[in-house]
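Here the structure is laid out as structure tokens; the discussion comes afterwards.
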């Protein structure tokens, strides 16, 4: 009975929301803020990828918050899963293809990851996407060789420094007498690799942090416990 | 060039449908893992909804390919927000599954009501409350409350 | 000077990121980072308050003018809340040193930073981000208590709050689709034309329900009793005392600035009334202290929601008075529950073992039920006069429910007090009666002193609150402040 | 938006929605995780069509890739990694009228 | 800032509290506190002109909080009640000094807490009595409630349970008042008495009804009016001896004070009179009168059944409150005077009775009426005090209770309310029967073996009792002394004033002069004595056991006195039908709360939080959309 009710309720809710949403003017957004940003973003931040300039510039503090959430999630997961008594145990040894493929993929993935990060202000992609790929690069060996341990210490150092450098870059602007997280060093070379001032640095920090965080998280999840 | 009603309908239906399916899934699942999955789906729906908020007919992605004049672009702000939301979602998801792992370890089950019951029992145990009633047993089986003290003086004095 | 206001928000994040590294090298240094940062945050905010900078002011993050970028809006209310966050973060600091110290303290710092962000931010999506950060940090801290029940309650809380955030995000998407902006001041400008319709209302309601999960809005508050019963007392105190109030703050801002529809208010009124009824009634039968406090907290927040539903400025005053009062009291009570957390029956005769704790409990209880010279009375007085002034019968129902709930509240609180002061059970030697730990007791006494001070200086406190309420209720002031530099939104 | 794109959107929407339903209905947890990743993938493609390449990339990398990986790893540690659907003891959505309900 | 006499009174009262708080653990604390009560009484005497129609005195103390101004002032009404309060506090405290204190301490009582609670009670009562607006009234009200709770609960055990019950009732009452205050504030725009006075005449009927019900219920709970009377007797009876004397004398009269102030003075008895109950012939005032009458009858007959002396007295306390309200509600010159005078009279004999019973407990260790008897030979002075007290309680000449009751009866007849009169007389009948039970079972009949070497009460206890006895008699003889105060109170609250003389009242429909009454009474006694003497009457002392029954000589260890389960036959006749009906009501409210609470807990315990969320979202949005 309750199942049926819930289904009906969920359906009804969806239907009503649909009715509400159909009142929206689809395909013609007001573009109040968006339009303004589009016209000023290239000058103000020097990035051709306007999404990037929003993510790191206009809504930079959102991104900081988001990094913090990821950090908090990783820390909390670490707290929950704990470090004791963990060995990468029951994973079966990867086959030949996995092992050697993994070894070959590692540099490739690293390159791709960093490429995506560094071109975040020019093309689609950026710190998050690149970070995920970096994490995959670190995680792959673990999958291939169960005995291998990720260097957690290393990861957490990278993570910590990446996160704090994001804030430091922001604070640097503050110490220059400008607002927190204000983009600096904006050159007038739109479209070049070195063009968007501090934005790529920020994205690098984001990428490293995301990569380290996720790699740590994945390795936590991959480990099995002896205490079970 | 053809702002058809159908596209709009399809997209909104997809987004809101995902949210509804997710909600229904969370309510209906008896398994905690499946609840987390349902949550992920609902989140995806909300993300789509947000992207739709910035969509513009016949516009291009918000990336400058040429300097100077550029065709109309879709709104970049919702896209930036969706980026954030996706990452937030995956963070929460990771936390959720790690908690699930622990629960499975401790309680040996992920069935929602069993977990709830065990949790109740454990809370009561740590607090030191005798569990007189299980939540399933009907009211009538509870022990009757003792007579009020005030009946004493009506019956005459306290001895 | 005013630029530094961003530091209490950013420095805890900075500290949290660095903490694991520092802890790796030296735990003793690391253990001081958090308190130092929070103390500095307190100092900055206190200095801000004292220096008499013209409040409110707005601070654009990244130097981008408000509707495009994100701004912090600092008025007296936000400043008060931010200060409370830092101070309570300091008071509830998890000092325990063990293997997980770094993570726990990092999470606490994140929680503080996010809560500060919730108090200060002037952008809807930014609020959402901080809200989520609060949620994640909270989950971690609850689960950190390590019992299986804590994990179970966390996952249930997580899933509920996850749905809440989906709904919030949906509401944000609806608002953005309609208006094309998320800046609160900008929205406040646009709201009368664009959001004064069914769509706006729906968006508000979805956000209300989503945020209501944290604000213990009925009926999405079922997580509260079990979470408060399983989490560490300090975490419960922070959650019940502060985080719920910050969620309320979001709703308050939305109501004041954007959503003036009577329907929005009515929904909150009805849900608030139901919250009071269910919370206080459930507390009546609660058998352990923490759950009793949790249910009572639900009831109290229901009262605040009722107050929030009063459209005039006086209602806002009542909200603030109730909010700060409850903040003080519930935090203190949960600190007492650290050690007294078990079954109520076990506390027989506890006053002999720890007279101070019992006295503080009685003090808090008296204020909670509105014993006159204590601040709780003034908060309740403000509320009921405002309620009685409303014409709609729904408010009178709210008034009646409120009064009846107070009676029930008095009954169960003093049942416990009578137990505390009663004789110990025959078979329990006095040493085995539970007793709040020294540090918690000291913290609770601090709250008690604060309460007494507020009672003593009720006149200036009342004036201050009226001033704060007046500032917070002024939507035009908000808009003008945020757009002061740019001279308009367009 | 061209006609082809419209059709693609329709197809993707159908795919996403049915995959979402699958997530809840299939008995096997692995299949459910796979379905969830199909949802993400479909969404990523939709995002491309919605002119949101950044989001699409993220959704593909995070939603379809990382999230599925996390879920799969979790499944393994939860002891639910069973390819054979029959062996899973856990009912997903309980059949009606079967024992006590938690309502 | 100059201190007005009122400020001085507050100052001394505050000092008393401080002394009790700081020095209460030392033994002479009792004496110190007693002396300080004396000083307070002197300070009150400085304001004595108030009792004879003087101008109200304001306190220099005022507050301005959240737009509300708080002030305190004393007028004739406050002064009259303050006099009774301080008088009973002084005598109770005096009574407690010395032997009682030592015994209390030896038996594990917390003397410090006792003194503190007493001083707090007095202090808060003074604050309440001095209230200058509704808000300060409420503050004082709450303070009195909680101070009373402290005094009632301190004995622990049964007392704590009774006090819990009290505080639940009191909170309910306070919340009713709180709601009423909110309504008044909304309609009058202020809580100052002047503003309310002007607003009261323009209030709509429905509004006034609501206010009368809210305030009536709130204040009535404190007075122990009919449906809300259950808490009072157990709570007072379980308070430590002198405390119960004090509480019994004055505490519940605070309710009467507030009713006088708010319902009679502010709203005006005329306005209340105009509140008709539809489809019946009665109005709000009649309703109050009938409530008062039922409050006289039922608790009095309940008192008759009590087998614990303190419970019996406490139940009477409730019933006597009914007379006061009845007199006030009649509200003509004599009735109101009777009601108000009864406050004073009741305080004197109730305190004396509680003290006498406490003295008996002090000596014998029990107040159980089934386990006492014949004490008159061992405690003759206490017997006398009790005798005077019960004559006052029963309302018989020559004690002061007669005067006030006579005034009430007279005005009932004058105003043409014979039904009420008959009902009140039935109440008096019950009183006489039950006080006979009290004195018979304690002092008359056969002395118990175990009480053979009981001594008279110690002088520290005796003197306050004797003082009270003297007051009871003197004010019975010369009721004009308190009537002067009462008259100025009546003037202050706007009621008509009777023509009083030193010996009583003069009115067209019938005067009373107690000097004559008592003169005739004693003359009658004298004539009887003379006849007895001249008729050759001689008395002979025989031992109580110099007798035989059923062919056997009597021995001290055999009980031949009819005291066990006194009035069993009478109870059988009248009892039963009303027994427990209010208890049942109370219990069912409690069960309802219990049941609802269980349901709510179930609501929160179930694992379907998400379902709640979903359905709420659905309903809320549906409500908006559709």
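Chains here go by letter, A, B, C, D and E, matching the order in which they are written, and residues are numbered from 1 within each.
In this section, a residue touches a chain if its C-beta (ideal position, glycine included) is under 8 Å from a C-beta of that chain, and two chains touch if they have at least 3 such contacts.
If you're wondering where the values come from, they're calculated on a predicted model, not measured in any experiment.
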(message) Per the definition at the top, count C-beta pairs in contact and tell me whether A-C or A-E has more.
(response) A-C
(request) Find the chain most remote from chain D, comparing centres computed as mean CA coordinates. (result) E
(message) Measuring from CA centroids, which chain ends up nearest the centre of the complete protein set?
(response) C
(message) Based on mean C-alpha positions, I'd like to know which chain lies farthest from chain B.
(response) E
(message) From the mean C-alpha coordinate of chain B to that of chain C, what's the distance rounded to whole Å?
(response) 22
(request) Just give me the whole-number Å value for how far the CA centre of chain A lies from that of chain B. (result) 23
(request) Please compute the C-alpha centroid of chain B, do the same for chain D, then give the distance between them in whole Å. (result) 16
(request) Check each residue of chain D and list the ones that touch at least two other chains. (result) 53-54, 58, 62, 66, 70, 73-74, 77, 93-94, 102-103
(request) Quick one: which residues in chain B touch 2 or more of the other chains? (result) 7, 11, 13, 17, 19, 21-24, 26-28, 35, 47, 49, 52-57, 61-63, 73-75, 77-81, 83-84, 86-88, 91-92, 94-95, 97-102, 112-113, 116, 120
(request) Find every residue in chain C that makes contact with two or more other chains and list them. (result) 125, 129, 132, 136, 139-140, 143, 151, 156, 159, 163, 170, 174, 177, 180, 182, 198, 202
(request) Note which residues of chain C are touching chain E in the complex, please. (result) 156, 159-160, 163-164, 167, 198, 201-202, 205-206, 209, 213, 219-220, 222-223, 225, 263, 267, 271, 277-279, 281-286, 295, 317, 366, 369-373, 377-378, 380-382, 384-385, 387-389, 399-400, 403-404, 406-408, 410-411, 414-415, 418, 421-423, 458-459, 462, 465-466
(request) Please name which positions on chain A make contact with chain D in the complex. (result) 1-3, 49, 51-52, 124-126, 128-129, 132-133, 135-136, 139, 214, 217-218, 221-222, 224
(request) Could you pull out which chain B residues touch chain C in their complex? (result) 19, 22-23, 26, 32, 35-36, 39, 42-43, 45-47, 49-50, 52-54, 75, 77-78, 81, 84-85, 88, 91-92, 95-96, 99-100, 102-103, 106-107, 115-116, 118-120, 122-124, 126-129
(message) Could you list, by residue number, the parts of chain C that touch chain A in their complex?
(response) 3, 6, 10, 13-14, 16-21, 24, 59-64, 67-70, 99-100, 103-104, 106-107, 110, 113-114, 117, 125-126, 129-130, 132-133, 136-137, 139-141, 143-144, 151, 170, 174, 177-183, 186, 198-199, 202, 489
(request) Sort out for me which residues of chain A touch chain B in the complex. (result) 3, 6-7, 9-11, 13-14, 17-18, 21-22, 26-29, 31, 33-35, 37-38, 41-42, 48-51, 53-55, 58-59, 62-63, 65-66, 69-70, 72-74, 76-77, 80-81, 122-124, 128, 190-191, 210, 217, 220-221, 225, 228
